[in-house]
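Across the two complexes that follow, chain A remains constant while its partner is chain B and subsequently chain C.
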Partner chain A sequence: MSDHAATPDRIQFENVSKFYGEVLGVNKVTLSIPPGVTTLVGPNGSGKTTLMNLMTGLVQPSSGTISVLGLFPGNATEFFRAVGYCTQFDSFPRGLSGWQFVFDSLMLHGMDKMDAFRLTVEALDRVQLGDAAGRPIASYSKGMRQKIRLAQAIAHHPRVLILDEPLNGLDPMARAESLTLFEELGRQGMHLVISSHILDEVDRISDRVVLITGGYLIAEGNIQQVRQEVRDKPMQVLIRCDHPELLASRMFSINHCVEARLHADGQGVFLRTGDIDQFYSMLNGIAAEGLIKINAVAPADDDANAIYQYLIGSDGSAS
Partner chain B sequence: MADTAASFSRSFAQQPWGLWRRQAARLTLIEVRRNLFSWKASWIYFLAFIPTLLIFLHALIDRHFVEGISDDTNVLAGIVEFYYVRLGIFFGCLGIFSRLIRGEMIERSLHFYLLSPVRREILLLSKFAAGSISALLLFETAMLANIALMYGPFGAAGRDYVFHGPGLGQSEAYLVIIPLACLGYGAVFLLLSMMFKNPTPAAMLVLGWEAINPVLPSVLQKISVASYLRHLMPVNIPGEGIFALLTVETEPVSGWAACLGLLMLIAVVLTYSCYRIRRLEIRYTTE
Partner chain C sequence: MSVYKHDYRPYTGKVTPRWMRIYVLSRYGAAEAWSSKITVGLFVLSLLPLVIFLIGIYLANNPLARALILKGSSGTMDINAGYFLKMLEFQSWLALILTAWIAPRLISFDLADNALPILLSHPVSRFGYVLGKFLALFMFLSVVTWVPCLLLFGYQAYSSPLPWFAAHFSIAVGLFTGAVLWITVLCILGLALSSWVKWRVVATGAIFAAVFVPAGVGAIMSAILRTRWGFLLNLPMMMSVLWQRMLGAQSIFAEKYALPTPAILTMLLASCICFAAMLNARIRAREVVRG
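So, the complex of A and B:
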């Protein structure tokens, strides 16, 4: 095992492949995930869940090595004290109430009852499921089941939280609450690895994206960096100004500006450019002339959804 | 050599035995709670207590003369040898132990255990302990009730037979045979449930193997639960017809050797099960 594979503050994949018989799960993935919120993005069957299952030892790599903060799933006692995994399997051990589910999980850490009790209350409060905790999980709605899984995954205060489609089944309010919780956990220095189809929402809290399709890692890193690396797709910029038509015509005079579209409210223009550096340089010149008053400039397609569309080819929100 | 032994001894002592004990106790409690007190287990209650019901009816309906004790003793021995060991405990343990791992995979809930900070060997052994406790509670209770109901109606003669006569040794033997059968079949079915998606066909092969085992070479007889238990039976039942196959006289083995042999077989099966669970993967879609 290389030293690189056991870095104590990162999740490391070293040339990891996983085959299910003859079916490819993931192929030669090398990845290093720092603290913060990392979103796994990819269509169904792309290998996102396989990556998460590999991280936690639910499946074992056909080749390569994986370590999480320098720990390996084979050492379950240490490993699962540091890691919480909220899977997308919507099933639970039979006959348990929400309370028992979280409490029993904590007791398996070897805690005494008082500590397990306190952490159970805390986790249930965090997911706002305290009132329903005494009911059997079998009677829960899909959203409540999602919440109780999340409560169980965070109850022991893990340093790494892996969340497979954690927003599935949640209503908009619960989604917003969950995202706030994830954001807060990310800010606290925790590693959060999230896979989600609801890219617009997770994009807001993600520090990094990992794009995967067909079992192959196609891009990873900070969202803006990844977007800039997609050089064959012109970048789109929204410019808020008082004369958008004039600005569009001026910008079209340079050959790297390939598309202009007026904003629906008439107070801005979307411009696509193949050379963002020259684009901003020219825009500065126009602003300095003073003929057009520029109010705001913002990239319009450097989110996870746009990157997904460019690199994978369909709308991430719909997949 | 001495260094290796000292190093092993140090490493052994440094293991978190206290934590493992607490985890095992908790897991066992959770599993017993789920196994023993569930409607899905009701058919296992039926398997355990159907002879008790029949003996109870016999106690109510039939007259009991002192001369009948030896007949009832043979009946009880037959119930243990042909029903409990060959069928009741066999299928009861198939139900209890194959559910512990395979049942959880079918219900897609095994991953919760595999994601807990518990070594997989501890998980497996705790589940085995829980299954054993469930099976023992059911079948030992049934056996005690059978003895009480079989000899109780004989009054003072029955009590004398059980507490001061040959019935004492026989009862003790039955109360050893039943747990050994539970542990033996339990270990086998726990392993089979990890090896096969549907362990029932494999269990039927085991049933056949157990049936023909007495006529196999003595080396092969050592890979059988019933063959060890046969040596512990306190009463010899003359078999007739198909039952003759089950009562073939084999090479005599002392009770202690039979117990030790069976415990070693259980240990080997559990060791291999621990090896299997280390490599177990969660792929519910293929279940």
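So, the complex of A and C:
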């Protein structure tokens, strides 16, 4: 792999393709992931896990170059010191307790026993699994197994954390705790790459999304930016005001406003517009008139779920 | 959400040398192997013949004890290359049984449990993973082959007059080299076949089959084609010939069946390369084709 793709603070994919024989994994992916939380979104079989395996060096690209914070998988010690990977599969080396799993993982990372002990305690505390650490993993519930995998992935203080479906099997409480942890790690400057089907929840913590389907990158970037790029789908805006019907009739007179729907509580209106800039300009004008008191304006469909629906669709084929 | 604080600190402490990580995997493997009571039972069983050989050496070097225990026996017991050859053969076939039991536990379980992606997302290469498992099995087999054989050789050297050791030192070299060669082949064979069969019991059967089925085929080939080269598929026979030559013992095979040493070594090397290729093809971190 050449060094020209290396960037010290980003995960870089340059024209990366991966084929498994004749089966396409991902095709010509060029991607640059900065620190923060990045969510991989795509239907089953879209290439998310392939992208993650490529990032972690578990599979080699058929063509193109990948670097993670300027490191290449060939330099295994430095590379895996920087990367933590939590696979989606509920699988563990047989016969280990939660403690042994995390402790031995740290020993494999090259920590001495003292450091491994300290970091194991820290990681288990962080995922709140300290009490069950001595029990065999085989006796854990699905949520506990998910947590112990997460503990193993974060225990060695990686700078890049790659989490494949980390919320699967977690109850709402544990999901909320995990999301808080991810958010905290992202804010601290860690690179978090998460794939998840629970879009509503990851949407809350994501700095950016990468949409992928059929091995092809569909879109990437900040969720709002991506939404604005989808120009063929009118944007939906929720406006909280004292006269929603009047506002709807005024806005509907604009020819790029294509849909209006009153909010269930009667205190707002959802409006769809094909030209968001002109829409906001008109809204400013109406607000300035003073006839309608506008309390709040918020985009209603610039979340990961909406982008997924618009760009990939419910059948998983990119539109 | 925006990134506003870059206060995350990666681990910057010292790291252990690379071989320590392979040692961790070996420890994993050894712990897994010893966790079965059957392993313990087989291990104890494989040490029993050594007790008999130990008694043999003791009696050979103590005429009084021999007279007391083997009443009426007037013959002398000679501890020579043939004696140690028998010992090595016994232990080597017991090592095959142990390999068939232990090797699948080292690799098949990891494959069946899909644990390879987790293990290989550490600073451990595929080669390092296999080497760790290899060392776990190699150490285990060493404890029942060359280590006790050399200990008994040492006991014989201690019990007999000094010239015996000097005159028979080549036996010790032969014991060590022959056993190490055999257990190396066994380890690679066991790990390779275990990596292709997820079910442990089937893997155990496959290891026995890989040793004895080609031997049968080779014997048939030799009989039909009237050639000795068919015995190149007969691993037990090849190893027996090799051990006998290494220890300088009397040949038990007719000369027309004896294969040249370079041919045997080439065949063993070719087999090991095939088994290594099998491991290379199978030990992969990839968990699914797409996802």
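In the analysis below, the second predicted complex is superposed on the first by the 310 of 319 C-alpha atoms of A that agree within 3 Å, B and C clash if a C-alpha of one lies under 4 Å from a C-alpha of the other, contacts with A are read in each partner's own complex, and residues count from 1 in each chain.
As a working rule, a residue touches a chain if its C-beta (ideal position, glycine included) is under 8 Å from a C-beta of that chain, and two chains touch if they have at least 3 such contacts.
As the structure is a prediction and not an experimental result, all values here were calculated from the model.
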Chain B and chain C placed together on chain A: clash or fit? clash
Name the contact category of A:233: first (chain B only), second (chain C only), both, or neither.
neither
Quick one: classify A:59 as touching chain B (first), chain C (second), both or neither. both
Quiz item: Now for A:187: first (chain B), second (chain C), both, or neither, which partner does it touch?
Solution: second
**Asked** If you stack the two complexes on chain A, which partner ends up touching A:36: first (chain B), second (chain C), both, or neither?
**Response** second
Note to self: Between chain B and chain C, whom does A:119 touch in the aligned arrangement: first, second, both, or neither?
What the structure shows: second
Per residue count on chain A, the busier partner among chain B and chain C is C
Query raised in the report: Is A:158 in contact with chain B, with chain C, with both, or with neither (first, second, both, neither)?
Result: second
So, A:81: does it touch chain B (first), chain C (second), both, or neither?
both
### Message
On the A-aligned overlay, A:45 touches which partner chain: chain B = first, chain C = second, or both, or neither?
### Response
second
Overlap of the chain B and chain C interfaces on chain A comprises residues 20, 53, 56-59, 76-77, 79-81, 85, 87, 89, 91-95, 104-105, 107-110, 152
Chain A residues touching chain C in their complex are 20, 23-25, 34-37, 44-50, 53, 56-59, 76-77, 79-83, 85, 87-89, 91-95, 104-105, 107-112, 115, 119, 149, 152, 156-159, 183, 185-190, 205-207, 215
Listed in rising order, chain B residues that touch chain A in their complex are 16, 19, 22-23, 26-27, 30, 33-34, 38, 104, 107-109, 111-112, 114-120, 278-279, 281-284, 286
So, in the complex, the side of chain C touching chain A is made of residues 1-11, 13-18, 20-21, 24-25, 28, 31-32, 35, 109-110, 113-115, 117-125, 285-291
Interface with chain B, chain A side, in the complex: residues 20, 53, 56-60, 74, 76-81, 85, 87, 89, 91-95, 104-105, 107-110, 152
